[in-house]
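Next up: some structures, all given as structure tokens.
Paired with chain B in one complex and with chain C in the other, chain A is shared by the two complexes that follow.
Entry: the complex of A and B
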């Protein structure tokens, strides 16, 4: 889909005419998610075995049925009823979706999980790993047949905080690119270290009407002005 | 419009949506589609006006969540599974009759050949399985061991039920999944199971254990053997889509085939659960005479065949 060959961004156009974007999850994070699921399932199986061991032959029969369900339907049920996330996937913040980015439903979930048997071939998911590495969307065989994808699902971000600076109108005309850069600089004030902010702002010290020690504050003021805050209203 | 004003103007509706989407069970109301369209519009505007990446990310995430909610493939029909059992499954099987026929041949032909060979050559079974397994198989159906005729306890019946579920449905799933290797995996499992079952039957017949073996297998065999064959057929359908995708890309052909093939697998699972019940609780019972078992077996086979050929011919939709 993407025109840039080496990109994990995946885009689909919806009927509303806008592009939905999602970041594809690669093999490493998926292997980790699988490992977490495997550990969880092993723990549940061990507990079941110990408990049902005391229930004699009926207990062992029940154990076999439950271990069958856990082996084949654990991922299916979680993917259908928990928004595409098994506990392992949830921990790694990834999720399974259909390739139009709609939530996965029964048939594709079943197909992709039954075909684990094929992805497992010849041993420990080597086939699936090769398949993921060859495709552009990190799909294993089960994903190809089901038309499913694994994407990152990040938790909602906290609302942005802006630096507390008086808005300042820029004294020069700024191109659109410049404006975007200055705004990004302002909004990322929490992520950049003080020294790095200083370093970046000093690049512009020749064109700013202030000393290099005030360059950061000045630039952030411009950023806030560009975002539309003119300072005329002090409270929302 | 500057981003600051834009955000202030729509902040409330975004927050409202975020709260509503946070709870997956909450009903979003009749205005939700309209809100979603407005959100799409706002998101497109924000991108076009080059607002900050943070805002665009937030709107994109909101659009994605709303899209998920709006376009979730939900089935409102509670009786869907019943419709599937009565109409859908036999129809899907008949629609894919050529794959089913292939699977039957791939299973039955090796079974017949191996059965006849093992019947006429009593040593041949050892080329198929280790001596220990042969001894176990013989002990299982040895009429002499059954003279005591004691009924197996019900708790060990349930143990066997669990075993049949885990083992047989697992085999069925693997037979299906193997189909993605251009059908080769399904062919392998069908032939392999055919050889084993045929070989075992031929060997036991040659030993004269017919009175214990056939009454045991005939009942659940109607569901078990057919279900394994059907999942093989589903696997062959996957493989064939890759070999001859027609006008589609291979990936798309595979997906189309997969959608339909998985319906056959649903049906096969149902049949295997029935088979496990029969095998654990009926086939092993010693209350019944062999004649009763043959009679019931014949009835079950007739039922399965009639179901396969005739069920769902009338319009059920």
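Entry: the complex of A and C
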């Protein structure tokens, strides 16, 4: 089967040679975001209808105009002025961006939302859903036409507590990925079971200068050192 | 489990991102997953249809009820595909009985309505856990991702319904309007063939959603195991261990040494170097001195390698730029000979840099003073030299400034009574005798107009010409006034525009008449 590892990351390289990365948001989370928006809109429309009901035929006319505006421009305005997030998207921590990961602007926002009519076909957004599920970048038809993407905008995770170990300098050359792995090993000491930590550390027992029974502590020390704690030697 | 062959990117994911990964997996392995669900379920559907052909609901309900078994084949195949193992159809068929049998009863009875089915199924299918072991495992797994798994199930149930209704709707759209169909009977059929059509469509909707649903649940399970077991860490550690093992034992020492010397460019230099050297002094202090020549040799080698081509990438650039003349002929005329000799003389005479600076400092003061004086002299000289021109310029500017404000009355005379002298005829005579014909006649004309306006109640506007004023007076029909105004106007026009001075007698006659008309008539 495919040799390129499967993932949902999306990468763009800027002209300056900087790689930008974002996680694409798939159908399930987008359906949930849409459902939240739909509920919000329905509540607003119900309230409007009840209020305008007392204004007779004028009220009904006004209601129709307002409901048209709400249906078509609610997402556009929120996406342009609220950083690509309607309230539903904000609740699900996703956002619309252009496909070069710049903030969405007027014309793509208009195109992707006016083309919801195409995505709606034949009923209940089935066209858009199938397009999203089968496409490589989770884009519905409106997204394809507008050149927009929906990505995750999750808040950064809280810092994890570190084990209490003296920092140790690594005595072998570690590539960047290796350093990240050692740091992850240190940071996730609370998540990984003790046996599993031992198992992981023993993989490196031939490389580490200590015995395999001290390997976990030694690796955690290296991780703390890599995170910047130099212990007593900082004064040097 | 060979993690080096894993076919997804191993990293920490949030639950929602894991579900998305599941969708990607479902698309990538679509065919085997879809078929492995479709074929057994089609058999079941067909069997139930044959057995209960009077009740169409039994077939679709049966397939729906057996989902916990039907979902196992895709998970099994995905478990293989994850480690890049392709499952042949034959292998799959052979594995199926075992798959369906394990823990079959609970899944079809009290666990049938479990909302986190796709998340829990891999424990049964891939880990083959039952009873207590399964429960403790699930407890561990459910600390994360459980809510997402329930959400996933809810969304997928709705998706199946939407797909069914959408397919019915699409079919309705294709029927011409002329044919009268009760569309309600299509969406909620009560009897007849429509029931079977809807049952079949629901079945296909289930088959279409199943790979996505199972894969999303499998991805949640996978992501949880990556978190719990640190798969990403294991992959990197194994990679690192393999990399180190490839090097011969002596090479390891050399690598350490190279790191020691090349270290400063990669790591924080002082601490690291200090620690390494401290260690060398520590346990192996005896061999430290014997290693010194080796250090030197390695250091030399490193410097040679660093100086080599590998670390110097020649780059050729083409383009236009200014030539540096000094560089072209170093003895050229950029600096005059005497200046060079002068500098040499200063150096030879022990003029230290401080003294040179002091000397130049004093010189610069003098130069500054000279330049300021020069500027002052130049300004003065220019002012004197061009004083006339400047004066004329200043006057012009003043005149222009005056012209800038337009006069209140340019052509229309001032006809306010207060602007006129008390005794107009006397004043006019005085002016006339002095030879000032124009001011005299002008004054008389103005006075006449003023009297006409303020005594005779004629209405003149600013824009009226002499002729128009005359016409207004004529309209009133007062013969004496009319005749007088006409004569005066003609005389005034002859003088003002024709530069034709009137006779003294005519002026005298006008003045006399003026007195008769305006002064005595008051």
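To be clear about the criterion, the second predicted complex is superposed on the first by the 172 of 236 C-alpha atoms of A that agree within 3 Å, B and C clash if a C-alpha of one lies under 4 Å from a C-alpha of the other, contacts with A are read in each partner's own complex, and residues count from 1 in each chain.
One rule holds in what follows: a residue touches a chain if its C-beta (ideal position, glycine included) is under 8 Å from a C-beta of that chain, and two chains touch if they have at least 3 such contacts.
Keep in mind that what you see is a predicted model, and the values were worked out from it rather than measured.
Asks: Tell me the contact category for A:192 with respect to chain B and chain C: first, second, both or neither.
Replies: In the superposition, A:192 contacts chain C only.
Asks: Touch check for A:172: first (chain B), second (chain C), both, or neither?
Replies: After superposition on chain A, A:172 lies in contact with chain C alone.
Asks: After lining up the shared chain so the two structures overlap, which partner does A:123 touch, if you call chain B first and chain C second: first, second, both or neither?
Replies: Only chain C; A:123 stays clear of chain B.
Asks: Under the stated touch criterion, which partner chain does A:181 make contact with: chain B (first), chain C (second), both, or neither?
Replies: Second partner only.
Asks: Determine, under the contact definition given at the top, whether A:14 touches first (chain B), second (chain C), both, or neither.
Replies: After superposing on A, A:14 lies in contact with chain B but is clear of chain C.
Asks: Between chain B (first) and chain C (second), which, if any, makes contact with A:204: first, second, both or neither?
Replies: The second partner, chain C, only.
Asks: I'd like to know which partner A:61 touches here: chain B for first, chain C for second, both or neither.
Replies: A:61: touches chain B, not chain C.
Asks: For A:28, is the partner it touches chain B (first), chain C (second), both, or none of the two (neither)?
Replies: second
Asks: Which chain A residues lie in the overlap of the chain B contact set and the chain C contact set?
Replies: Touching chain B in the first complex and chain C in the second, residues 154, 180, 184, 236 of chain A appear in both lists.
Asks: Write out the stretch or stretches of chain C touching chain A in their complex.
Replies: 6-9, 14, 16-17, 19-21, 23-29, 81, 84, 86, 151-152, 155, 158-159, 162-163, 165-166, 169-170, 173, 212, 216, 227-230, 232-241, 244-245, 255-256, 259, 266, 270-272, 274-276
Asks: Note which residues of chain A are touching chain B in the complex, please.
Replies: Touching chain B from chain A are residues 14, 16-18, 20-22, 56-58, 60-65, 67-68, 71-72, 83, 97, 100-103, 105, 107, 110-111, 114-118, 121, 141, 144-147, 154, 156-157, 160, 176, 179-180, 183-184, 187, 226-229, 236.
Asks: List the residues on chain A that touch chain C in their complex, please.
Replies: The touching residues are 1-3, 5-9, 23-29, 31-32, 92, 122-126, 129, 133-134, 138, 152, 154, 169, 171-175, 177-178, 180-181, 184-185, 188, 191-193, 196, 200, 203-204, 206-207, 230, 233-234, 236.
Asks: Under the definition above, what is the set of chain B residues touching chain A in their complex?
Replies: That would be residues 1-6, 8, 18, 24, 36-37, 40, 43-44, 50, 52-54, 57-58, 60-61, 63-64, 67-68, 71-73, 153, 155-156, 158-163, 165-166, 169-170, 173-174, 176-178, 180-181, 185, 238, 251, 254-255, 257-259, 261-263, 265-266 of chain B.
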